[in-house]
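Each structure below is given as structure tokens.
Next come two complexes built around chain A: one with chain B, the other with chain C.
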Partner chain A sequence: MAALLSPRLLGLLRKESLQILRDPSSIAIAFVLPVLLLLLFGYGVSLDSKHVPVGIVVEQPSSEASSFLGAFQQSVYFEPRFYGTRQAGREGLRQRQVKGLLVLPADFAQRLKADRDAPIQVIVNGVDANSARLLEGYVQGVWSSWLQRELQARQIPVARPVEPETRIWFNAELASRNYLVPGLLVVNMTLVGALLTALVFAREWERGTLEALMVTPVTLGEILIGKLLPYFVLGMGGMVLSVLMALFLFEVPMRGSFWVLALCSTLFLLTALGMGLLISIVTRNQFVAGMIAILATFLPAFLLSGFLFDIGSMPAVVQVVTHIVAARYFVTILQSLFLAGDVWSLILPNAAALVLMASFFLGLSRRLLRKRLE
Partner chain B sequence: MLGRILALTVKEFLALFKDKRSRFVVVIPPLIQLLVFGYAASFDLNHIPYAVYDRDGGYAARELLAHFQGAPSFELVRPIQRQEEIAELIDRRAALLVIQIPPRFTADLVSGRTAPVQVLIDGRNSNSAQIAQSDVSRILTGFNQDWIAQHQLQGMPVSLVTRAWYNPNLESRWFFVSGLVGLLTLVVTMMVTALSVAREREQGTFDQLLVTPLRPVEILIGKAMPGILIGTLEASLVVTLAVFWFKVPLTGGLGVLYSGILLFVLAAVGVGLMISSLAATLQQALLGAFLFLVPAVILSGFATPIDNMPDAVQTLTLVDPLRYYLVILRSVFLEGAGFELLLPQMWPLALIALATLAAAAWLFRHRMS
Partner chain C sequence: MTDSPLVIRGLTKTFRPGGRTVRALDAVTFDLAPGVVTGLIGPDGAGKTTLMRITAGLLLPDAGAVEVLGLDVAVEPLEVQARIGYMPQRFGLYEDLTVGENLDLYADLQGVPATARVERYARLMEMTGLGAFMKRLAGRLSGGMKQKLGLACTLVRPPRLLLLDEPTVGVDPVSRRELWSIVYRLVEAEGMSVLLSTAYLDEAERCAQVVLLHQGRMVDQGPPRQFSEPLRGRTFSVQVEPEGRRALQARLSRLPGVLDAVLQGDGIRVVLEGQSDQRPSDAEMAGWRPVDPRFEDGFVALLSGERHRGELPRVHARSISGGEAIQVTDLTRRFGDFVAVKRLSFAVRSGEVFGLLGANGAGKTTTFRMLCGLLPVSSGHVRVAGVDLRHAAAEARGRIGYMSQKFSLYANLTVLQNLNFFARAYGLRGREAKARIQWALEAFELDAFAATESGTLPLGYKQRLAMAAALMHEPDILFLDEPTSGVDPLARREFWDRINALAEGGVTVLVTTHFMEEAEYCDRLAIMASGEILALGTPAEIKARAAGEDQPQPSMEEAFIALIQRRDPA
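And then the complex of A and B:
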């Protein structure tokens, strides 16, 4: 504690804070960046498709065909668009006017009446495989509920041996926003933390002021704390702002406790800041530090953290790589904290991993800083 | 004029490549990233850990579970004996879903009644949940069909015959790897250009450049050249890897592909130089690069479809060069599209390139500290 209160450290903190205030870009990184990104993300990123344009070709109008189309037009998932012929429909799909095409063949009603297998042809544009699969699922859903109603109305007994009764836990309406927003907080904090510190030591190296600082009586630890603390305060400010937005603007439920959230955020921010510091100390060059910050922060946090893509489905080698991405642990913690509650069996190991990574980055920074000076 | 531009271009390349680390950073990490991300970026679930709580134990239940065991993407964590274990497994994410077979399941089935099967899914990742849900219902449909055939019952008289164009097995890797080509082109181009003018400004050498006989246009070309060359080269490398390593089919022509690449690289260089000349320090330039990069990726349709966004946000995506480039890449790769189909994507790119490059040239002279 004595070190924390020393006038030298207070002086350093004052100097760093002044430097932050002088170049408004640090404050912009901490407050404007998260708000802007969260707004964009929160409103822009959604995996729930509605009103998908789907082409429909009815080769031979009939009452059966119109009752099927009626079920289709009621669904919020589709925006039907009619084509006269199969050929025109396929051309529309090729021109990307529609995402999928439904063809009710000429003998549809006939076969249906005769209880023979009446196939409906469905073609989807498979370029975006995930959306295509969801579209298939929606079509299937509309089709099977229509079919059941139709068969009941016409009193045709059909065997339905097993019926699934699905219940979704934690996110009953399957709103993708509820799972994306906690992940976005992590991407946000990764950027903020690393960007805030990635340039600080590199800048002082380039300007020669670090050596000037070294000949003063301040210790290495004091320098590190002096650099870290002001940015930590800034970063936490950004985090609080982001959480408030998640809760009140995007209305993501919060089922865990706030003190766990605060504690884990602290750990993660220290890790992110530590990574930035390490980049800064290793490169000693603002230009290279900036380039590495671009490469090492955003894309890994975006793609390897489990925020969007399921880590369990990645090949084993890539799964190993995800372990060095700090965002991975924080994403797991946050998704559970927001949607499920304090699941200790999940929080404890992930928080431990964060402690490990933070001490690794900060410890290595301290060691390297000393070595570089000799 | 040509000689002056050439001299400046050479100087820019030297500035970029004289440092061993920045040489390394420009070339190696993007390739590693493609390899890692190419495998990571996929919505396909090929490991669905599930648990079974069989309260029936009859032969029909065993038959149903055999269908799940036969599905390659489903992995049985363990059978459950007590109700409380369900929550425990799902909470700590040991299982994505739990299948609960009620008592009397076999009896119901044999007597011709519809038997319910309870499926509990972890919804924390709503996309995985949705995919798992449809996988489960596909397996149940398969079981129903088998059961109906075995017991000579009356089945559904209508069927859906589904086909997917351009990507018959609906592999989302094809979609993402072609998208990664765009992402990495953008990142590398931004890295090379966004910091370049800002660095010179911070060091004061940009003012020196301005008092030389070089005209702003010439400075612009000289500053843009490394970005254009490295961006195009990087894109070619990444395309090669996508085709030969990830085996994504390249069905379209190289002429269309390279027109798209060139237009996009020009637009990205324009944005990078504009950010760089607006910034007074490297930190501001870095912030600017991220403020462009992150929204550009999010709003491009790389991972989540633009059609799902609210109208106001969709309008915003119109100024995102990556949006057009991704459509070009995916169409050329998977659909084999030609110029006539991609013209609506190409002219906005050209427009963005023109506007940002002009703005950058203007800013060179007019933003002096």
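And then the complex of A and C:
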């Protein structure tokens, strides 16, 4: 650790800090980018369907039909919209005024009174498969609870051999934001960490400053640490800001301990910075480095980390691929830290994976950085 | 055992860009003389930078050895780097750090103790004249000041061997002179050995020793006089009337026994072949005045075996009414609050070769871009080929050809594909296009390279191709932006032969350059500094205007410096 005290390293650190302070771009990457992403995704992306516009066609008004519709109108999930005829309702569906269509046929009340099957028609726009499935489920839920009330009102006993008692753990209100925001922090940190360092070596190559640096007696370790440390501090600043936003703006609970969060964030940030350094050393070009940093870190973190899409339901090959995505491990850690607490059996193996990845990227950067121009 | 600070033996280095093999250095062997300035001289692509980088431990040679101050560079690069100073071609100044902070960084990296810094900084600042700018950001210094700061950073710990890679390229003559005086003082006061590379042949005469590189091979080594002296008695100046000088130069350069004939102001400089039986007739030589040989003459003589003179392009330009191809009045261009070009006024006659001479940042390229209609003017008027650029830029553009500094070729297209593309771009089709492409291949001797990717062409050929492309549509006016920077003197001569032929055919040629030498080839020129014209006239007029008691017959460079100093006396 003698290198940590050398005047050469101090000189490099001072230089890098001055550059960061004078060039607003790295500060923007570290602080503005995460805030923007968090606001955009935190408010914009929600996997809960609420106030879904649903078209309703009642062919023959009746008290039964009104009672059934009442259940719909009370639900927060639907925004009913009435059409006079099936034809008009279908047209509304086609023009995307509504996402689904519920038709109560003319003989609905009649058949109900006669204790015969009373079919109702539900048409769902399947273009957006995800919300179509949600809509279908919600309609069924409304229907079955209405049916139960109806039967009770008429005092018809229902035989129920199995009664499910559902209890939701860790995220009782089932708010998707609670698990999306921790995932977003990961995506944020991946992008910020990699972008910060992806540009730094490439920039020095482009401006010719590295050649002058290389012919001084400075060692490669000093150059690497001189780059890593200032951007680590910057990245951690961005992380703290993001966590504060998560806790106070999005009101995500924090059930784990902060020191575990700090430690795991350190590991992950080192991994992300290492990826950026590697990209920068290999490409030597700011534009290419920036593109690769986004493609190689941001996209996998978004798609393959389990933040949006459940890894368990991916094809086996893709599941294997997710193991080289560092974000995957940090997503698991953060989701359990925020929502469940210090679950050591989850945190330890994932943190170990991060240690491995950080050492891999930093080690490879060190190996590939040469004091030669070839 | 030798006392030479740098011993190079059989140094060979090969690069393989895109599957092609380029031998950058081929068995180069020399000892650097201690305690003097040695010039490493050669055109772009001669291997100068590769040699510097290997010496600084930044590249490994394929074969051969480099010993710096008794240390093998390949084995102990860090030890060597702690003892030498190396200033790369583009010195890596951190532009968002101040002058002082840049110095501090390099002092930290070179391990200069804090106590020694005060004195060292004071000395460096006194030498470079940067003392007043310690708190200014390096990015806001002028080109010459940046170069001096780069040198100061390299010298923050006094090295025993100093490597300077093209420190004077593109720097204005005043700063160039200052850089040289710093280098001399270092050699004298600190006993430093200096290896300085340059593509400017006139700088060879300032060095104690010269190592001449050409295409990776060392041509010769010795004091500069050793190169020029054998030509004594073979160099002449021929006086000529301005009107006939191009024709005479073209005729003289083809005369048997004539090695070289170039325009020089109001005369022609002639170098004769060595064998006396081949001399031009006495009648021909009547009125020739013997002059002192220069280093460049020696260079041309050494490499003359590789020179060949092909057919020159024949062109016919439409005549421009009024006799003035370009008229510029009060031309101004601002970028934000920075005025790049200040109220320029000049006129270029049809068929004239007009030069814009100035250092990097003098406003030459900005002026050019406005004349070509590539950059809108902030204020003032420009008429090109009789057309007001503000109203009919497209029409004017059809009558001009433009060759940019970077040649604007498609590197991964072949020569023929490039020519095809430019023919199309200028709206040529069918038989007409075919004829022009054929003309370009022949006139510029590109036949043999028709199927070669243009990115892999030697620099001189790239330049020919770029010029051919700019001439596809037979323009009346040709704009050449720094066309010869970095090419060797032979390629430069060939290039100017073509320019002269074009001018004889009635094409108006506008050329920018920072080679003082080249200014002599122009009919008239404007000397530019910080966006203004310092002087306008024929080369002889400009030199006459700068002449003073101490300099009755100044060179173009001396004239330039005198004019700048007269404008802002220090």
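The working rule: the second predicted complex is superposed on the first by the 369 of 374 C-alpha atoms of A that agree within 3 Å, B and C clash if a C-alpha of one lies under 4 Å from a C-alpha of the other, contacts with A are read in each partner's own complex, and residues count from 1 in each chain.
Just so it is clear, a contact is a pair of C-beta atoms (placed from the backbone, for glycine too) under 8 Å apart; a residue touches a chain by one contact, two chains touch by 3 or more.
In this text the structure is predicted, and so the values were computed from the model without any measurement.
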Partner chain in contact with A:7 - chain B first, chain C second, else both or neither: second
Which superposed partner A:44 touches (first chain B, second chain C, both, neither): first
A:204 touches, of chain B and chain C: first, second, both or neither? second
Which superposed partner A:23 touches (first chain B, second chain C, both, neither): both
Touched partner set for A:149, first chain B, second chain C, both or neither: neither
Which superposed partner A:367 touches (first chain B, second chain C, both, neither): neither
Superposed model, chain A: greater residue contact from chain B or chain C: B
Touching partner for A:216 - first (chain B), second (chain C), both, neither: second
Shared chain A contacts, counted only where both chain B and chain C touch the same residue: 23
Touch list for chain C against partner chain A, complex: 53, 56-60, 77-78, 81-82, 84, 86-97, 101, 104-111, 150, 153-154
Contacting residues of chain B [partner chain A, same complex]: 19, 21-22, 25-26, 29-30, 33, 36-37, 39-47, 49, 64, 90-93, 109, 112, 114-131, 133-134, 136-137, 140, 143-144, 147-148, 151, 153-168, 170-172, 174-175, 183, 187, 190-191, 195, 199, 202, 281-287, 289-291, 293-295, 297-299, 303-305, 307-310, 312-313, 316, 330-331, 334-335, 341
List of chain A residues in touch with chain B within their complex: 23, 25-26, 28-29, 33, 36-37, 40-41, 43-52, 93-95, 111-112, 115-134, 136-137, 139-140, 143, 147, 151, 156-172, 174-176, 178-179, 187, 191, 195, 198-199, 203, 283, 285-288, 290-295, 298-299, 302-304, 308-310, 312-315, 317-318, 321-322, 332, 335-336, 339-340, 343, 345-346
Touching residues on chain A, where the partner in the complex is chain C: 7-8, 10-12, 14-15, 18-19, 22-23, 204, 207-219, 371-374
